[in-house]
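Some notes on the structure that comes next.
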Amino acid sequence: MSLLTRALQSGDEYLAAAVHPAVLPTQRQSLEKLLFATSRGKRQLAAAPYAPASLLEALASDDDPKVRIRVARNPSTPARALGRLAGGDASTALLSAIAAHKNAEPAILAVMQGMESPDIRAALCGNPKTPLKTLRALLPAATLAERKILAGNPNADAAMLRDLWDSGDIYVRAEVAAHPAAGPGLMDEAKRSLDPLVRRMLAANPAVTQDTLVALLSDPEAAVRAAAVRHLAPDDHAPERLASDPSSTVRRAEARHFTLPASAAARLAGDRDHWVRRWLARNPGTPDFVLRRLASDPESEVRRGVGRNRSCAVDLLRELAQDPVPWVRAGVALREDAPVDILHRLGEQSDIDVISAVGRNARTPPSILERIVRHENADVRRAVILNKRAPRSALEAVLEDPYPLNRALLARHPSLSFADLETMLRDPEPQVRFTAADALVKRPRPN
Amino acid sequence: MKILVPVKQISVVDEDFELRADGKDVDPDYLDTEANEWDDYSYEAALEIMEAADGDVEVVPVTVGPDDAEDVLRRCLAKGGDRGIRVWDDDLVDATPAAIAKVLAKVVAKEQPDLVFTGTLSSDRSFAQTGVSLAAELGWPHVAVVTGIDWKPGDPKATLKRELEGGLIEEVSVECPAVLTIQLGINTPRYASLRGVKQAKEKPVQEWSLADLGLTGAELAAGASFRVRRMYKPETGRAELIEGTTAEQAARLAAIINELRGAA
Amino acid sequence: MPVASFQSDVYEAAVLALAEARKPAVILFPHSVDTWGYAPAVAMRGGFGCATDVIDVKYDGGDLVAVRAVYAEKLHMEVDFPERETVVLTVRTNVFKPTEADGSPAVSEFAAPQTQARTEHITYIEPEQTGDVDISQAEYMLSVGRGVGEEENVEQFKELADSLGFTLGCSRPIADNGWLPKSRQVGQSGKTVVKCKVYVAMGISGSVQHMAGMKHVPSIIAINKDAEASIFTIAKYGVVGDMFEIAEELRGHFS
C-alpha cells in the first residue's frame, strides 16, 4: 500500500502531514481535506515545528487570520509562502512577523520600508535579509533604539555606520566598532576611544587590522587585552607576557589561543585559576608535554578537558580511561579515536555517563552496542539509538522500546529497514508515526 | 486488597486562545487534553505496591470525565490493572473539586478500597483540593504531598514520607483505610510497553452516571464550593524584553541578576 | 525545624470548633504544604466556600471575590461564594505585601477540642547532601540548550555559570550528546529544579518537556535568538539575541 493511500485510509493526520510534500499537487488536496478539517487542527499545524514547507505554503492562503499569523511566525515557512502572506490582507502583526522572518526575500522587506509601525520598523532594522537601500531609508527617522539595531545589521555600509557613530550613544558606537564594514577611519576613532567598551568591541571586529589588534594587546584595560588575544588569528603568536598578566580574564583568553608559545603554556599549566588550566587543557595547540602535566591536574574538569582535546595522545587517553572520576572517563569513551580495547572496558562500567558515551561512539563495535542497547536505563539505550553508525542488529532490541521518545528518535535511524519503518507507522505515539512516515518519504525506495 | 487511583484528563490552553462566550472558561476549541502529570506518579505508586504483593492487591483507576477522558484510563491500564471506572454526567461540566470529591466518595463506597491515591494537584486548575476533600467526605484519615509509601496488604497503618517546605522530610504513619495525595518525584513512572497499549484496549471500563451513584446534578451544584465569575488574561503575561545592543542588554541583565540574587 | 508536628485531624477539629463558635466570614490560610493537607477538609466538613492558591481578594458590593491563576498561570480566574457564610481561602505566599502598621487585635483564648489523631509523627529527616551537584537543590541556575551548537562551546557557559555562582544545567539534547552529565538535565525526563529562584535559559526553545522541570521558577530569564521561542511565554525577562555575544558581555560584569 502506498503511504498516500495508507494516510487517507487510516485518516492519520500525522501520516498525512509527512506524506504531503512528496505527492502531486492534485493528491495534496485530498490530504488537505483531512488535515485542514478543523480550525484547531489548522492552527496546530501552522505552528508545528515539524510542519513541512509544502503544508505551510498551503496554509498561507487560509482564511483564518490566526492560522496565517502562525504560519508567518513559523521559522520553517518558506519565502514563497511569506510572499503570499504579505500580498494578502495583512495585519500589522502579520507584517511584523514577516519583517522579522529569516526566510523573507529582500524584495518583500523592501516593500515594507515606508511603514510606520514601530514593530515592523524594528524587525526590518534587525533582519539580516533587509537590503542596504531599505536600511538607508529607515535611518533618517530612526529612534535611538532603532539605531542600535541598525548598527548590528550585517548589511549596513560604512556611510550608514558613520552616521550612526556620529549620532549614537556609547552603545551604538560600540556596535559600530564591532561592525566589519566600519572602515579604517571609524576603526581608528574607535581605537582612540576613551571608552573601554568601544575598544573591546573593536577588538572583536573580524575586519580589524593586525596592527590595531597588537596595539590593543597592550591596552590598560584587562577586558580589552583579553578580547584582543581572543581575536588574534589562530596562527598569530600570542605574546608570552600575557601568560603572566595580572588579570585572570586575560590569562584565560591566552590559554585558549591556538598558537601559544610553549613556555607560556608551561607557565599557564601551573596557574592557580582553574579556568586557565581548563581552557589550556581544551586547547588543541597546547603542547604534548603540557597536556601530560594537565592530565594529572587535581581538578577533574581539567583532566576531562585533556581527554576531549583532539591533540591528546593515545597513551594519555589510556591513562585517562582509568581516571577515578566517571565524567573524565566518559570524555574518553566519547572519542572516536579511542582504542577498541578501551571502549570494551568502559562499556562494561556502571556509570551511565560512561556507558552512554560508549553507546554513542561511532567506532564502538556492534557486539558492545548490542549489549548496551539492552540497558535498563532509557537514556543509555537512547545513546545507541542516537549513534548513526549503529547497525540494525544493535537496534533490534529497541524497536519496541517502551519509552516513546526513544522510538521517535529511532525512527530517524538510517540503519532501520523499510519493514521496521512500516511497522512504526502503527505506533500509538503520533510523533513516532510522523517520523517513520517522514523517513519513508525521504528514503529512496529499493527496487 | 484494593487501591483506587482517581486520575484526571486535564486541559492545556493553546497560544492566542479565545474565551468561551460566557467568559467563564477558555473556548474548548483552544484546549488540548492531556493526562495529569501527578497521576502518573500516583498510579505508579499503586502498581509498585501491587507488584510487590504478588497478586494480593488490585489497582483500579477511576476518572470523572467525558467520553474522551477514557484515554487517561487506557493509559493507566496499559501499564497495569485489569479494569477502570469512568463516571460522567453533563451536569459535571463545571464541577468544583468539592463536587468531584462527592462523586468519588460514592465510588469509594461501592468499591471499598483499602487505600485511595490521588495526585497532589492537577496542573490545569491547580486546586490541590480533590484528594483531601474526598477524605473529608469519607471521614477517612489522609496525608497530603506524600513522597514515600511503605505499606503492604494487611498492614493496619502505612508509613509515609511527606516533603515540607525547604526540602525537610517528615516521616508519619496513617491508619488505613486512608486517602493519600501523591507528589511528583515519589517514584519513576514507567512507560507502557507497546503490548500493554494494545492489551489495554480490551480491558473493561465501567461507566457510571450520577444516577448510578445515587447523586443528582442539583445536589452537587448546591454543594459547589465556589462559583466562577470570569476568566481573563492577566496583564503580566509575557516576558519583559530587554532592549538595546548586546552590551547594553548584558549590562541590564547583570543588574537584574545581582538584584534578584541580593533580594533572595 | 517545626516545633510541634502537624496532625490534620487535630488541626481540622480545632479550626472547625473555632469557626462554629465565632462564625467568621473568612478563614485565611497560607498556601503551604500543611494547609494543602487540611484546609480543603475544613471547608468540606464545615460546608464552607473554598478557594486555594489565591493571589488577590476583594469585595464586589457584598460579595467576596477571590482571584487565582489557572492553566499554567496563563489565565486568571475570579470566583465568588454565593450563599456561603464562611469561606476558606489559602493565599499564595509572597504576593501580599505585609502592612507597615501594626493592628490591635483583641486576643482571646479558645480551648481546642480533644481529638484523636489518626496520623502519627515519627521523625524528621534532613535532605541528603550528595557529593555530586544536585541541580534539584540549586537556587540559581544557568542552563544551555541546543543553541550552544557544539561541545567546544559548552565550556564558556560553564565558565560563565561559575563566575555568576550559578549551577549549570542543560536541555536533553546536550546531555544526550554527552556534553554534560545526565544529572544536569532539566525537565520531564531529567530533574525538576524545585529549589530554583533564578533560572537563566540560554539557547533553549522551551519545549513542554523542558519547561516541565523549570516553569515554576519565579524568575526565569530567557536568552534566545528567536523572538517566537516558547521559552519567552514563561520568562520574566527576555533577551532576543545571540547567546554567545550575551555570554561574552555578561562575563565581563562578573569577573
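Think of it as A, B and C in the order they're written, each chain with its own count starting at 1.
What we mean here is this: a contact is a pair of C-beta atoms (placed from the backbone, for glycine too) under 8 Å apart; a residue touches a chain by one contact, two chains touch by 3 or more.
These numbers were taken from a predicted model, which means no experiment stands behind them.
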Pair joined by the larger number of C-beta contacts - A-C, B-C: B-C
Chain ID, smallest distance between chain and overall C-alpha centroids: C
Centroid spacing, where centroids are CA-atom means, of chain A and chain B in whole angstrom: 38
Cα-centroid distance, chain A relative to chain C, in whole angstrom: 32
Whole-Å separation of chain centres (CA-atom averages), chain B against chain C: 18
Sequence positions of chain C contacting 2 or more other chains: 252
Multi-chain contact sites of chain A, meaning residues that touch two or more partners: 378
In chain B, residues with contacts to at least two other chains: 15, 246-247
Contact footprint of chain C on chain A as seen in their complex: 73, 75, 97, 100, 200, 204, 223, 248-249, 252, 275, 278-279, 282, 301, 305, 308, 327, 330, 333-334, 352-353, 356-357, 360, 378-379, 382-383, 386, 405
List of chain A residues in touch with chain B within their complex: 39-40, 43-44, 47, 66, 69, 145, 148, 151-152, 171-172, 174-175, 197, 201, 378, 400, 402-404, 427-428
In the complex with chain C, residue positions of chain B that touch it: 11-13, 15, 17, 26, 37, 97-98, 101, 120, 123-130, 132-133, 135-137, 141-145, 157, 159, 161-165, 167-175, 178, 181, 184-185, 223, 225-234, 237-242, 246-247, 249-251, 253-254, 256-257, 260-261, 264
Complex interface listing, chain C residues touching chain A: 151-152, 155, 158-159, 162, 175-178, 181-182, 189, 226-228, 248, 251-252, 255
Contact set on chain B toward chain A in their complex: 14-16, 29-30, 190-197, 243-248
